[in-house]
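You will see two complexes here that share chain A, one where it goes with chain B and one where it goes with chain C.
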Partner chain A sequence: MTAVATRPASPGRVRRRRNIPKVVWVFLAVPAVVELAMVFWPALNSFYLSFTEWNGLGAAKPVGLDNFKELASDEVFRGALQNNVIWAIGFGGLSVLGGLALALALNRPRRGVGLYRSAIYLPMVFSLAVTGLFWRVQYQPDGTINTLLGAVGLESLEKQWLADPDTALYAVLVAAVWRQVGYVMVLYLAGLKGTDPLLDDASAVDGATAWQRFRFVTWPQLRGVNTVVFAVTVIDSLRTFDIVWAMTHGGPYHSSELLSTYMFQQGFTFLNLGYASAIAVVIFALALIFIITYLVRATKEEAV
Partner chain B sequence: MSTATLAPPAVENVSPPPAKRRKKGWGYHAVMAPLALLWIAPMVFVLVLAFRSFDDIAARGTAAWPASFSLDGFSEAFGRGAMGRSLWTSIQVTVPAVLFSLLLASWAAYALSRFDIPGRRAILLTMLAGNLLPPQILLIPVSRVMESLGIYDTLVALVTIHVGFGLGFYTFVLHGFMRSIPSELTEAARIDGAGPVQIYARIIMPLCRPSLAALGALATTWIFNDLIWAITVLRTEAKLPVTAALLNLQGGYVSNWNVVAAASVIAAIPTAIVFFAFQRHFVSGLLMGSSK
Partner chain C sequence: MISAPLSRRGFLAGLGGVGVAGLLGACATGSDEGSAAASTTLTLQSSLSDPDPKAALTKVVEGYTKNKTTLNTIAIETFRAQLPTYLNSGNPPDVLTWYAGSVARDYSSKGFLLDVSDLWTGDGPCAKFSPALKELSTAEGKQIFVPTNYYWWGVFYRKSAFQEWGVQVPKTWDEFIAVCKTLKGKGVAPISMGTGSTPWVAAAWFDYLNLRINGAEFHRELLAGQHSFDGAEVKTVMDHYRQLVEYIDPKGRSYSFQDAITPLVSKKAGMYLIGAFATSAVPADALDDLDFFRVPIIDPNVPVAEEAPTDGYFASAKTRNPQGAKDLLAYLASAPAQQQFIELSKSGNLPTSAEVDTTKFSPLVQKGITMLNESKAITQFFNRDSSDELQTTADTALTKFLDKPGDVNKILAEWQASAKKVLGS
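And now, the complex of A and B:
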């Protein structure tokens, strides 16, 4: 984001040479072939497989749209889809609000800010699996959360957080947000660096309140970052797999099932490869619009 | 410079009385310090738990104030839990995967940024799009491709998919950087008789060092932290990298919280080291991600 703001309007156009040496084609071809073989070819295959029934042995049997019809009436799939919506809103909303608030609070250099920032984004370096285990410990029946609730006299709220179908998804969500807030904060800190402090000062002199200055001066200048944060968050939330797998495996009774975990179970536990591919295609379709948003944004930036 | 903060409005620029300013600083730290502590509390708690003894935890609960100090958790995690082996596996995967990713990405970025390749914008965006795909759409076919290549259930397969999947993003970021290198530099070298490979190796790559470092720090944590690719292309338990091994171990030590905590700490330490050693690069790497 900052790159846009600071880069001069028209950088000296890189003059390229007309005839391209052979070795350059090799430079381009090797990575392109690797990505074709590992990403694009498999992706196409998934589309094909989603119209088949296959257990991995012998040939896949084409079944037309049967997998998708079956999905429409699959309770677990519908639950997972619903959970994914809750997840996208909860995970996205909380980490964006938290990240933005923290970025605003930690934007100005002052004593201790570096330390606070590090504390907030440190969880981001841990894997989601490690994060999941860190929080599993807290959620134990005799873990910190229940103990703290007991200590302040709220014993009635103590729960088996991860074993209770009503709370499992949200318990995982809290752990995921804990890790994501730092990332969003870093993105917004970069965005804030690109805003014009003079505008803010001027409006402060004119008597604007902190909220007015944020809403009418800072926020409009963050539009670019918002697009990126929004797209990244939604793509991330559709991808979410590790942390759920580490904490609940989608259980109990599919109460924390997301599309990604359900797909993995169907594909790698039950070997319903066609059915699992159909779920993957649904995930792709949902992600597509946000991938395009992101690419459009990237194109704009490229064009600068 | 004063941008919007959560602090009260409109006083700071109109000659703030010093007393007031100090008071405001107090309020700020009174909010932020507990918040930061709350943020690191789960980590500290797990760290403490890892050093308690099984008996202490069994008798007094995981949340009790520690009354013991024991390295049993670690010795069990390293011993029967084989965390040492899986840590080594992770290193064997991460190092080549990061190096090959950056090498291949720098090739593609060089070709696309310095030469008039037809449709280069489309190629670049297609490569980036590949990295944005949800991995779920690749999992089943990728495991099949690895089987037909005869490398399923080997670390080579894991390295290969990490390189293939990450390439698009690394290429995009490096392309942005290489494009900003003035063409006069490479033109001068070309007139002096340097070929495209020499220009790449002697001029472009050295200039890209900062962005390579940032991308390297980021890629290291991504690849080291991966779970889904590992459980997709590997089957043998003894070959699993540390994240996947950690989950297996947790299944085997359901109530041995000191072992589970110790194993999580072991799995967390390498990325924490990368973070502290390359903090600056790490953050700038994330920012590259944002402006891609």
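And now, the complex of A and C:
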């Protein structure tokens, strides 16, 4: 609006800006103030706190970069960082691959397809905490998964999925992907609706294989959706907290700890608010790096 | 992308249920929004989330009519993790359930707890409590806690199961290991222990082995940071713990402490070192069959010590209505309220008030009282004798140890390092 209004060659439009009723500015100001107070102010506070030592009472003691130096030598933090990388790749990769495959499979109208789509989307309506509780029951020593493995003669694979440090993180990952995959599928289904079926038909007539049609005809048309899916997935994987908290609390002995759960424990269980803020800053920086790199690449591609 | 911190804070707020006031309080340093309006409704934040104790406290609170009181029950493990946040929020609950001893002193030293010394003097409801209880509720010369009941720990078992398996109650460590061996030979898991979502249970055996080998005084000093967790004394304790590892039900790693009672009741597991609160999770028809014995003596020269954790209430230093909070505490500490709570909660807890008639309590509870009276020293529990934060270092070390007992020296060194961090801060 301002870009239009500042164009000097159109005095009529300038007058229109003057005519904007004052109440509109009030309506704009209210959300702006709320945004500033509830988002930017706390976020800035986090940055400030990360350079202090504070237990929530009294004055925060500035300690410079000590929190970050401590983070560098904190093995739990390094484990959590590593887990976060595994999580981002596993969660992002599996839910995108799964979601895309399901979208392609369920794109064409045929009988019962709506039922399948709804069924796959259904887990998305559960909160992550409920998903966590549901899967925790499946993973119990005498739960569904071990019972099924036993029934098909694979007793040797039976495990205490959530209590074994080698499997805990992946067990939670499966539960999270199970929920996310329907969401990604819906995004891709919407994207596929926007592709031109004529192109697909034309290339089929030209003798392109199914893979070639997907790779060279459909995929380029999904670029817009990919940006959305990428952003959603990165943000979701970095902020993952509740499902891990509901299923393992980051245990056994920190083996499924993510940056977010470790931050929560440090901040709200131990009240090391300065240290926890330092972890929050690291999470923020990671998210920013991912998103900026991607946006730069995406805009470059569009420019070409 | 600036929205990432918002969503994070957003769901934290939902989880903690601390509301916007608390959230802002946690964001800006030194904020202490003193809303002038003295609220008349009192909030009692309770961690008693098991069905019977929850119902019992609900009834007890219903009997309190002087101030309007809201009972807010939170699942215990959430409560444990969130307690510092509750106390630290801008508008904290007025009265909270928790534990006496070092853990309450730890919160008091941070300035979180209301001074309730006047309840302990003159005609105050706690004035006639034993000096030991008073000492337990005192921090920096003032009383900050109101104890209302306590309980004992023991190795619980089913009498009929021991008969079926042909084993006797063990008195010594060697007898105990022999019983474990026999049970394992019969395909029964000798020891049940739920260390999945409640890893702190693993500290029970640690506490008791330390009490039996090194004694109560060393145990208290260890938890206060005066000895090292990778010293020779603790290594001896872990040598004994290691003998138990092969007898502990491996499925317990996925169970909570409540889940681990089920194998005991269904005779798939033989014994369970747990607090008397566990009896409220035992079905009524198995309750008469349930018995317990003292953790076997290892070194007869060490004075016998038992864990007798004391529960009760403290009030928030930032309560808007200190007078009302104290009045509610006085009511909860009164003999009729104690009696009503203990009877309804079916937990086998013992009253702190001498005016409660204990003669009608079940034989199991009588046995518990006798055992505690025969003990030379009383401790609380790992977290209560230290802090909730030190407990998490024990959780990590001990659950790791249960998985990899061979790495004990490395685990103890890590434990000492993280304990030092906690105690140093």
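Just so we're on the same page, the second predicted complex is superposed on the first by the 269 of 304 C-alpha atoms of A that agree within 3 Å, B and C clash if a C-alpha of one lies under 4 Å from a C-alpha of the other, contacts with A are read in each partner's own complex, and residues count from 1 in each chain.
By definition in this document, a contact is a pair of C-beta atoms (placed from the backbone, for glycine too) under 8 Å apart; a residue touches a chain by one contact, two chains touch by 3 or more.
Because the structure is predicted, anything quoted here is derived from the model rather than measured.
Touch criterion met: A:273 reaches chain B and chain C at once. Contact with chain B, but none with chain C, is seen for A:23 once the two complexes are overlaid on the shared chain.
Of the two partner chains placed around the shared chain by superposition, neither chain B nor chain C is touched by A:81.
With both structures placed on the common chain, the touch criterion links A:112 to chain B but leaves chain C unconnected.
Within the superposed three-chain model, A:60 lies in touch with chain C and out of touch with chain B [touch as defined at top]. When the two structures are aligned on the shared chain, A:241 is found in touch with chain B and with chain C. In the superposition on chain A, A:253 makes contact with chain C only, while chain B stays out of contact range.
After overlaying the two complexes on the shared chain, residue contacts for A:284 are found with chain B and with chain C alike. Annotation for chain A, partner touching more residues between chain B and chain C: B. Of the two partner chains placed by the overlay, neither chain B nor chain C lies in contact with A:100. In the superposition on chain A, chain A positions 38-43, 45-46, 49, 140, 142, 235, 238-239, 241-242, 245, 260, 264, 268, 273, 280, 283-284, 287, 291 are in contact with chain B in one complex as well as with chain C in the other.
Residue ranges of chain B in contact with chain A, taken from their complex: 1-10, 12-14, 25, 28-29, 31-33, 35-37, 39-43, 45-46, 49, 61-64, 104-105, 107-108, 110-117, 121, 123-125, 127-142, 144-145, 160-161, 163-165, 167-168, 171-172, 176, 179-180, 182-183, 187, 190, 195-197, 200, 221, 224-228, 231-232, 243-244, 246-247, 250, 257, 260-261, 263-264, 267-268, 271-272, 274-275, 279, 282-283, 286-287, 289-292.
Listing the residues of chain C that touch chain A in their complex gives 1-9, 11-12, 15-16, 23-30, 77, 81-82, 84-85, 88, 110-112, 196-197, 199, 250-251, 253-255, 388-389, 392, 395-397, 399-400, 403, 422, 425.
In the complex of the two chains, the chain A residues touching chain C come out as 38-43, 45-46, 48-49, 52, 54-60, 139-142, 160, 162-165, 235, 238-239, 241-242, 245, 249, 251-254, 260, 264-265, 268-273, 280, 283-284, 287-288, 291. Considering their complex, residues 1-4, 7, 11-12, 14-18, 20-21, 23-25, 27-28, 30-32, 34-35, 37-43, 45-46, 49, 101, 104-108, 110-112, 115-116, 118-123, 125-130, 133-138, 140, 142-144, 146-148, 178, 183, 186-187, 190-192, 195, 197, 200-201, 204-205, 207-211, 213-214, 217-218, 225, 228-229, 232, 235, 238-239, 241-242, 245-246, 259-260, 263-264, 267-268, 273, 276-277, 279-281, 283-284, 287, 291, 294-295, 298-299, 301-302 of chain A touch chain B.
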